[in-house]
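This is the structure I want to talk about, given as structure tokens.
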Amino acid sequence: MKITVLYFARIKEVVNYSSEIVELPAQVETIIALKAWLAKRGEVWQQLFHGSGVVRAAINHALVDDMATFEEDDEVAFFPPVTGG
Amino acid sequence: MKITVLYFARIKEVVNYSSEIVELPAQVETIIALKAWLAKRGEVWQQLFHGSGVVRAAINHALVDDMATFEEDDEVAFFPPVTGG
Amino acid sequence: MRRVLVQAADFSYADEMQTIQQACPQAGAITSFVGLVRDQVGEARLSQMVIEHYPGMTEKALHAIVEQANVRWPLLGVTLIHRTGVLPANAQIVLVMTASLHRQAAFDACAFIMDYLKTEAPFWKKEIGEFGEHWVEARASDETAKQQWNQPQ
Amino acid sequence: MRRVLVQAADFSYADEMQTIQQACPQAGAITSFVGLVRDQVGEARLSQMVIEHYPGMTEKALHAIVEQANVRWPLLGVTLIHRTGVLPANAQIVLVMTASLHRQAAFDACAFIMDYLKTEAPFWKKEIGEFGEHWVEARASDETAKQQWNQPQ
């Protein structure tokens, strides 16, 4: 399935992407599976998703946890804990 | 002893005084004794100090309770519970 | 910075905000409270509010409340202005501004100052309107609100 | 009245106060919070703060927080403005104003909105100054502050 992935703040700087469209294998349909799939891209991605830092996720603008599922054409975002206000 | 007595808000309207200088007998040196002494002035004063309404007191600008004592030339004030803000 | 005023004149929210911001360049948080004359009492229209106070004691009480807030919280600045006299409906009555590094101290100190002002500062309000005129009754909930600051946190 | 804005431009405290007062003539209490860029980080001088956000999600998150506050408290009006982009030291970042009949609801709703904004709205701050530049770390105390709203009162 095809989804859009967005990256924000420190994570955007680390991976050097602000957004990309990815074509996923059939079994990758949860946030945790997507993290594992992206982590295989290399050391930087591995560190990001399996290191000690917290990575928050949203699907279509709603905060979700690791077990949340997405669908074709959804917008998934990864970002650090928020620090506004 | 001689003291100044002030009245505020509803109490000022009830007794029709805003301030007065009173000469007190020797044993009248606490708020509760002063209330009893003033209550003897008549029905309105009796109602005010021995009725159901709460009368707060201050000596020289500090909130005090019934047992507080004052001295010559002190300023004693009587008023309803405050309602500012 | 401590700014405590009792005055008949209206205050400018914008001016007071600028004053406290300039006096406290390290502030990360400013909490404010404005108390207003409501335009209705129940269903009846209010035309005026008269605020009486006890000159001399009022200033002392307000300074003492601000002092207590400064002891309890790490405040960079406090502004406290209370108006007196005859005010029309929708007029501003009271302004509290508290500046601190972080928001928790600013919020708590601002609420604390209002709770103490409501129960310890010698102001009395009279409402005048379609219903005639009457002195505002003290609310038991104000005393309760103050008491909560004395409980173990 | 609900006014929720995400914008690069500064906001006028005075204009916002006038807007909410005029929209809520029955209000007896307006609580406000202003978050500011501090001019120091520890001992080092800060020159700029960059605020990044997630357009689209940000607006939804802020509206959802204001909606929750309206469900919890009898609010007459809420204003919530958050700036984004590059801000200098001492600049205003965020404004919350809550109007209600009485002060308790206005105070609680204002603090609630800030606690939820700090943990649920997709903003990220980067500090730039004598120390170089770094992303601000989320504070555990902000999560704790939010959790307290879920405890039985």
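Letters A, B, C and D name the chains as they come in the text, with residue numbers starting at 1 for each one.
Assume a residue touches a chain if its C-beta (ideal position, glycine included) is under 8 Å from a C-beta of that chain, and two chains touch if they have at least 3 such contacts.
No experiment lies behind these values; they were computed from the predicted model shown.
S.K.: Touching both chain B and chain C, which chains are there?
M.R.: Chains that touch both chain B and chain C, as defined above, do not exist here.
S.K.: State, to the nearest whole Å, the distance from the C-alpha centre of chain C to the C-alpha centre of chain D.
M.R.: Their C-alpha centroids are separated by 22 Å.
S.K.: For chain A and chain B, let me know how many angstrom lie between their CA-based centres, rounded off.
M.R.: 72
S.K.: How many angstrom lie between the centres of chain B and chain D, each centre taken as the mean Cα position?
M.R.: Distance between chain centres: 48 Å.
S.K.: Which integer distance in Å separates the CA centroid of chain A from that of chain D?
M.R.: 27
S.K.: Mind pulling the chain B residues that touch 2 or more other chains?
M.R.: Within chain B, the residues that touch at least two other chains are 85.
S.K.: Considering chain C alone, which of its residues make contact with at least two other chains?
M.R.: In chain C, the residues touching two or more other chains are 35, 103, 114.
S.K.: Pull out all the chain pairs that touch, please.
M.R.: A-D, B-C, C-D
S.K.: Which residues, counting only chain B, touch chain C once they are in their complex?
M.R.: Per the touch definition, chain B meets chain C at residues 6, 8-10, 54, 58, 61-63, 77, 79-85.
S.K.: Which residues of chain D touch chain C in the complex?
M.R.: Per the touch definition, chain D meets chain C at residues 12-14, 17, 21, 25-40, 89-90, 101, 103-104, 106-107, 110-111, 114, 141, 145.
S.K.: Can you check the complex and tell me which residues of chain C touch chain B?
M.R.: Residues of chain C touching chain B: 35, 51-54, 56-57, 60-61, 82, 93-94, 114, 117-126, 135-138.
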